[in-house]
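Naming follows writing order (A, B, C and D), and every chain is counted from residue 1.
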Amino acid sequence: MAMTGVLRPGHAQLRVLDMEESVKFYTEVMGLLEVGRDDQGRVYFKCWDERDHHSVVLRQADRAGIDFFGFKVLNKDVLNKYERDLKEYGVKTERIPAGDLLETGERVRFQIPTGHTIELYAEKKDVGNGMSYTNPEAWVPNIPGIAPIRMDHALLYGGDIDGAHDLFSKVFGFSLVERIKLEDGKTDLAIWLTCSTKAHDVALVRHSEDNKLHHLSFRLESWEQVLRAADLMSMHRVSIDAGPTRHGVTRGTTIYFFDPSGNRLETFCGGYDFYPDMQPITWTWEEVGAGVFYHDRKLNERFLTVVT
Amino acid sequence: MAMTGVLRPGHAQLRVLDMEESVKFYTEVMGLLEVGRDDQGRVYFKCWDERDHHSVVLRQADRAGIDFFGFKVLNKDVLNKYERDLKEYGVKTERIPAGDLLETGERVRFQIPTGHTIELYAEKKDVGNGMSYTNPEAWVPNIPGIAPIRMDHALLYGGDIDGAHDLFSKVFGFSLVERIKLEDGKTDLAIWLTCSTKAHDVALVRHSEDNKLHHLSFRLESWEQVLRAADLMSMHRVSIDAGPTRHGVTRGTTIYFFDPSGNRLETFCGGYDFYPDMQPITWTWEEVGAGVFYHDRKLNERFLTVVT
Amino acid sequence: MAMTGVLRPGHAQLRVLDMEESVKFYTEVMGLLEVGRDDQGRVYFKCWDERDHHSVVLRQADRAGIDFFGFKVLNKDVLNKYERDLKEYGVKTERIPAGDLLETGERVRFQIPTGHTIELYAEKKDVGNGMSYTNPEAWVPNIPGIAPIRMDHALLYGGDIDGAHDLFSKVFGFSLVERIKLEDGKTDLAIWLTCSTKAHDVALVRHSEDNKLHHLSFRLESWEQVLRAADLMSMHRVSIDAGPTRHGVTRGTTIYFFDPSGNRLETFCGGYDFYPDMQPITWTWEEVGAGVFYHDRKLNERFLTVVT
Amino acid sequence: MAMTGVLRPGHAQLRVLDMEESVKFYTEVMGLLEVGRDDQGRVYFKCWDERDHHSVVLRQADRAGIDFFGFKVLNKDVLNKYERDLKEYGVKTERIPAGDLLETGERVRFQIPTGHTIELYAEKKDVGNGMSYTNPEAWVPNIPGIAPIRMDHALLYGGDIDGAHDLFSKVFGFSLVERIKLEDGKTDLAIWLTCSTKAHDVALVRHSEDNKLHHLSFRLESWEQVLRAADLMSMHRVSIDAGPTRHGVTRGTTIYFFDPSGNRLETFCGGYDFYPDMQPITWTWEEVGAGVFYHDRKLNERFLTVVT
């Protein structure tokens, strides 16, 4: 089969400082749909065009950040195979029972060398995107807020991104799409990896501290929706970090902004299609600014320092 | 690996009635780049953002239509495996030597049950997209014409689309993304198949005659570029069949139009991302109009009858 | 002063066959805001970004069409002056008392040579556009439906368009922006007139019957909103006459469609800015198709025949 | 007549430090068309969709800035009348003979209380916009660079903006569209004035030094063209001051950037239509940030300090 193995980022669990304020933000401003709450007090959301039960899970905690980032795999056989492959690669795995996340099957959890917790799972209930599987309309009207079509990717900060790169490549067959080099011209400062034809499904930046979240990204369908998103952020007094602008890396358009707990989010649009026969693109240290913020061609200080 | 096997539609060879007029059209109006000519008189083109040597080949003939439609596969091992799988499936294959198409490796050629000639190949020279693999810019300015980013898919008309569906699914693992049913509610009038996360890489419509081309499609990046394309078609007095409009199927936006030989082309934008864990969408006979032309919700007669 | 005299089209009263169905259509599909009803049973609407009390008035009747089309003038002195000028020009005028239309001052009503009833008025209550006059936001979120920013212009069909042209020019100083000529190369088939920098505030087509409405037009802010409008029309099974497409005349983008009573409406975007020092554009009979529908370059039959 | 008196900003003469480099910038990056040079060494440009001979004049000098900003008036009678009105108002005027600017009639020059030199003129040769006045196409293809449709407005910095406001209002009938108040809630920090239905034809900011240029603005037709402009600026290593973003004032979208001499330019899109019956919008000192940069809701320091 053409798309096999790991399909896509399927869920992320974020820590928030105040659940009530956060639910308000993720529904009214972000335009996600609340789809459930569990007995641990976690609240579940999906983007309107996602068909699986949820993609974002919020957990109240005393510091912000990401608990885990989960990828959906093709089926249970693939899940079992990857569990074996991970062990063989030397990574300890843990099975989380079905139902621990609402409407979600068993998950295989493990840590990557940057300290982040990654999960694989094969089953999550298809609840549809609000349109029929027979004679559907083109989209669902009257969703308030930014209303991205899906949770798209995450950018994670940690120490050993070479190790993470090796694991994602060797075990799961992810491709390197783009990279930024440090001054030495050899060491990767940042890498963008894909398991599909998207320009990135996960990205990593070398950082002094492990297990940090730079941003969780949500996909919009046009540059005009990026403008609309920025307008809505202003109306709701959301703190914008950067944008609307374009990334040099992936060529996508973007806004970085912060949720009420300080987690950086992104609304992202575009990016070219990548296939595994394509050679990766390299950004040199001198042009890291253009790689990240294509218009200004310089980093803001927050890009390399503010993470949760 | 996540993307394996068949990667994408990689080339199509079209028959044109007048090569000079056609080269003018495909470069000045379509905005493709001429990249070479061979000793058979064929002319080769690529879309600006494609990295492989070419995607469209024109051959002068006394009737329009498509000679063959080729898919790029991951590597030579995959090519060899598919050749064996095709034979095992009961399909006769032919090897076309490397170099028969410029800058292209060996091709495995076979016929699908709708009478179309399909090819697989693993190698085509990476000539780049006009931007460096180090610190690239975001796009290439000053390309005249419509300038799609790539050749995207084809819609083929023929008799046994069930047989073609079976072959693409069983041998290559293509997924069924959408289908239109005939009045009986059982028989497929049309099917959209993907080997990637695109909403379609190839589509088939049941037709009284085999080996027919409905259209070859080229991808644009925004609805505004669709408008620009329609404007350019008007400026160049190109015959527009339908659009700008939206398809119900795939939700993409579209213009159908004709090249000087009468081959229908499409400029296409959007379409949702499909993953193989998603159930297909079905359109009933009553809503075939909305499936094809979402705004008007009715077919024009040409859609089912005019092919080359 | 730079903008003097007649400012803009300010209101249109349309006849509808079923008020309940029409109110539903104009609010839920068109996205106008209902702002009042009077003791004659008329229902009043405004577009969200208009500041005056209303721009569209619906009156239930047994046939569709337009009762009158009203222009706002700068102030009461101008209103009085135009009343005198009209009489001097030889046109009979009628004063409609303040309050006959809700929140509207006295109106001066008269007939133009094409049989249409035109009104002038100087006062209509400023109810705002839903945003403060101090530190406003950029737009009003969560308005359902197409939600044009304003009622923009009307295209009227009638016999003596030369007479109407003369009156609008001589009495009110309207400028001719574009014209389509008949086969004889002399007679105007259609004229586009402006009292502002818009490419048209009113247009007229020569027709066998007087006092007919071709369409009432509403302004959208982008081509993407034109797409969104067409999508919403499809979702609501609105009958689309033509579009999304571009007009050659004015260069604006457009959809023509019908309200439940058969009145043709338009959602319009763009059009160049016109100043009275610019010479008008002429379309010859051979290119009338491109003038009306720029992409297809041919008229549909309905354009010249279906009016209310 | 509806549009009378002053029609629009018609030309601006900018000082540049290096003519050769500037001509390259204004043609290749800005996408203006060079239309002539005079015996003083000045170089003339027009935007593609302007019909008059030129709108931008560059003069080499040892410091950047604006020499004068000119408005086109309806005709010579209006020009003569305004000359008398200016004198009556107490402003000294000067007649510049026809031909001093290429293809331009007599100009009436005067100083406004902020020290800027303003001109009025009634005649400039209609050279067309590159499309026929008979059966034109929709736009002109293959113009390199940003290619705005016209020179749109200027933002001028100087001391006595109240005096300038009074002059533009009393003599020319300009309307106040928006204003930003200082901390005292009374004094205007900035005012936006229009002579048409545009949200601004000229704007003024209170400043310690007279006769300064904040920016000269050029109009684009869509937010997607704003993105394209920012991309082109990056490709040409143009220094971007702010944007792409939206202004709260006028609601238009914008990029501020610098020409090679340090003159700030703007590419601007949108802005609502203003009519003289509409009350102005006021921004308080606390929200000046949102008024200028709607997304970030804070000024960058350069906005109030860097002028030429």
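As a working rule, a contact is a pair of C-beta atoms (placed from the backbone, for glycine too) under 8 Å apart; a residue touches a chain by one contact, two chains touch by 3 or more.
Chain by chain, the UniProt names read as follows: A, B, C, D = Metapyrocatechase.
From a predicted model like this one, the values you see are computed outputs, not experimental measurements.
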item	value
Set of chains whose contacts include both subunit D and subunit C	A, B
Copy pair subunit A, subunit B: interface residue numbering same or different (half cut)	same
From subunit B, the most remote chain by mean C-alpha position	D
Distance from subunit D to subunit B - Cα centre to Cα centre, in angstrom	48
Separation of mean Cα positions, subunit B and subunit A [Å, integer]	31
Whole-Å gap between the CA centroids of subunit A and subunit D	43
Residues within subunit A bordering two or more other chains	138-139, 222-224, 231, 234, 246, 290, 294
Category of the chain touch graph - line, ring, star, complete, other	complete
For the subunit B and subunit D complex, residues of the former touching the latter	137-139, 141-142, 144, 222, 224, 231-232, 234-235
Touching residues on subunit C, where the partner in the complex is subunit D	1-8, 49, 51, 72, 74-75, 126, 133-136, 138-139, 149-150, 172-175, 194-198, 221-223, 246, 248, 251, 270, 272-273, 275-284, 287, 290-291, 294
Complex interface listing, subunit C residues touching subunit B	223-224, 227, 230-231, 233-234, 237, 240, 243-246, 253, 290, 294-297
